[in-house]
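We call the chains A, B, C and D, going by the order they appear; numbering starts again at 1 in every chain.
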Amino acid sequence: MPTLARPAPQRRTDYRAFVEVTTRWSDNDMYGHMNNAAYYSFFDTAVTSWLISVGLTADPAETMFFVAETGCRYLSEIGYPDRVSVGLRIARLGTSSVGYEIGLFRNEAETAAAEGLFVHVHVDASTRRPAPLPAAMRTALEGILA
Amino acid sequence: MPTLARPAPQRRTDYRAFVEVTTRWSDNDMYGHMNNAAYYSFFDTAVTSWLISVGLTADPAETMFFVAETGCRYLSEIGYPDRVSVGLRIARLGTSSVGYEIGLFRNEAETAAAEGLFVHVHVDASTRRPAPLPAAMRTALEGILA
Amino acid sequence: MPTLARPAPQRRTDYRAFVEVTTRWSDNDMYGHMNNAAYYSFFDTAVTSWLISVGLTADPAETMFFVAETGCRYLSEIGYPDRVSVGLRIARLGTSSVGYEIGLFRNEAETAAAEGLFVHVHVDASTRRPAPLPAAMRTALEGILA
Amino acid sequence: MPTLARPAPQRRTDYRAFVEVTTRWSDNDMYGHMNNAAYYSFFDTAVTSWLISVGLTADPAETMFFVAETGCRYLSEIGYPDRVSVGLRIARLGTSSVGYEIGLFRNEAETAAAEGLFVHVHVDASTRRPAPLPAAMRTALEGILA
């Protein structure tokens, strides 16, 4: 697994774009905190919402990305009913792949409660095989390159 | 199952309180719309968030409600990346039970995309047996009685 | 909402087909029991798995059913790490709709821990509009008619 | 993030214990494959079910482990209605932490469709602070040490 480019913990100023998400009662597990798998539903939602916000896709089913790798370090407690800000930056931009680094921030906290990795591979929607990032897409993605 | 008190479809003005929730990429199923089970994660989140907003519970694990019955009619399409407003009203207020009627509204739509029922039973946190709604709680709940 | 055809609680012998599902750690909520929304992920899984088992669909994305209505009564505790048997019967068979009644059984229990309703509407995969149940499908569905 | 001890792809014989789980209709996303977050619900379920199977906990809420880090590489397609076997081995055993390596196997496949990391930290149930693994627990965990 790739290592994060910077030592933990990250702060809000370490990220280039933010997406706000709401937590759910069902996100919490028996310990009263967010289940470790729920964090990942925030990762792909934030990445896809950011892609939509910069006009890279109107329909997530047409501009297709497969997920190649994900990871998360859980640093401090977070869970329903907290509000969560998801910070994004791109650490690696390959021919067809995009490596995001992600920070989850609880309510007004300045320090990340969790740090994640999320590697997207751009695929051709018909063949579902890796396809180079189109130039316009690459330019937009460079906008949040770390 | 109890029937809804009013004929479908409901409008925003038919509800007494609203909670805003964000949809997630993982809410959508293979058909590209929100999975039928995901609606219910909006129901209990909206009810609990409203309870917190009126001061009825700071910690959902201390003021305990069990869910006795739920239901949903799916009227029109909704799904990620839509924003969802959850409308709430209380249709029945028993000794220990609270029957919510719920409407899900897509983005700016005035007509509900789905209508739900959600029956909570107040329980004693130690015995986990039904317990009468305390007077202050009942007064607050009456604030959104239909 | 339609009422269940028979008084609760139902027993295993009241159902015509069974699908076994495994519970997950993340199904449980802060109270240590299965979250009310998780029950519904068992309903559509059991219905679809049964449809596949009788040859009605090899690819759930091709033979398309939309969910029109669902409901659940929660009767007794169930949750991870319990094994769950999902009992199915069909209570109503319309021109294009199928009304399932569902029972969830915990481990070796003979009495349902929860009873559900699940109304499917057969749709044309291209127009996504209601389409009559084909004759062969109707015959198969009649096999578990209550 | 720690690297996997062995090069991908892993085979069934590379794991020391197996837990069988059922996929769900709602696990699949718009692309018709299992959502990347759903894999993680298999990881913590398999780890906890294995702990229960060797008698290390009867009640997961009493013997408490927090999740410190997780990761997954997605190698080939998997999703509902596949059956999934989750292979487990322990790669690192610290004073209070347990580092599992996980393989997901689709139906009868011998090669892993996904490989994961899952780091548990044993905590004291009252203080929720890291606590050394008791001797009996350590012995049991060594049973699947890679």
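One rule holds in what follows: a contact is a pair of C-beta atoms (placed from the backbone, for glycine too) under 8 Å apart; a residue touches a chain by one contact, two chains touch by 3 or more.
Keep in mind the model is a prediction, meaning the values are calculated, not measured.
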Chain whose average C-alpha position is farthest from subunit A's own: C
Euclidean distance of C-alpha centroids - subunit B vs subunit C, Å: 23
Where subunit A and subunit C are represented by their mean Cα positions, the distance between them in whole Å: 34
Where subunit A and subunit B are represented by their mean Cα positions, the distance between them in whole Å: 29
Touching two or more other chains - residues of subunit C: 25-26, 30, 32, 35, 37-38, 41, 44, 60-61
Category of the chain touch graph - line, ring, star, complete, other: complete
Subunit A residues touching subunit B - in the complex, by the definition given at the top: 20-26, 32, 41-42, 44-45, 48-49, 52, 60-61, 80-81
Touch list for subunit A against partner subunit C, complex: 25-26, 28-30, 32, 35, 37-38
Subunit D residues touching subunit A - in the complex, by the definition given at the top: 1-4, 30-31, 35-38, 40-41, 43-44, 60-61, 64, 66-74, 117
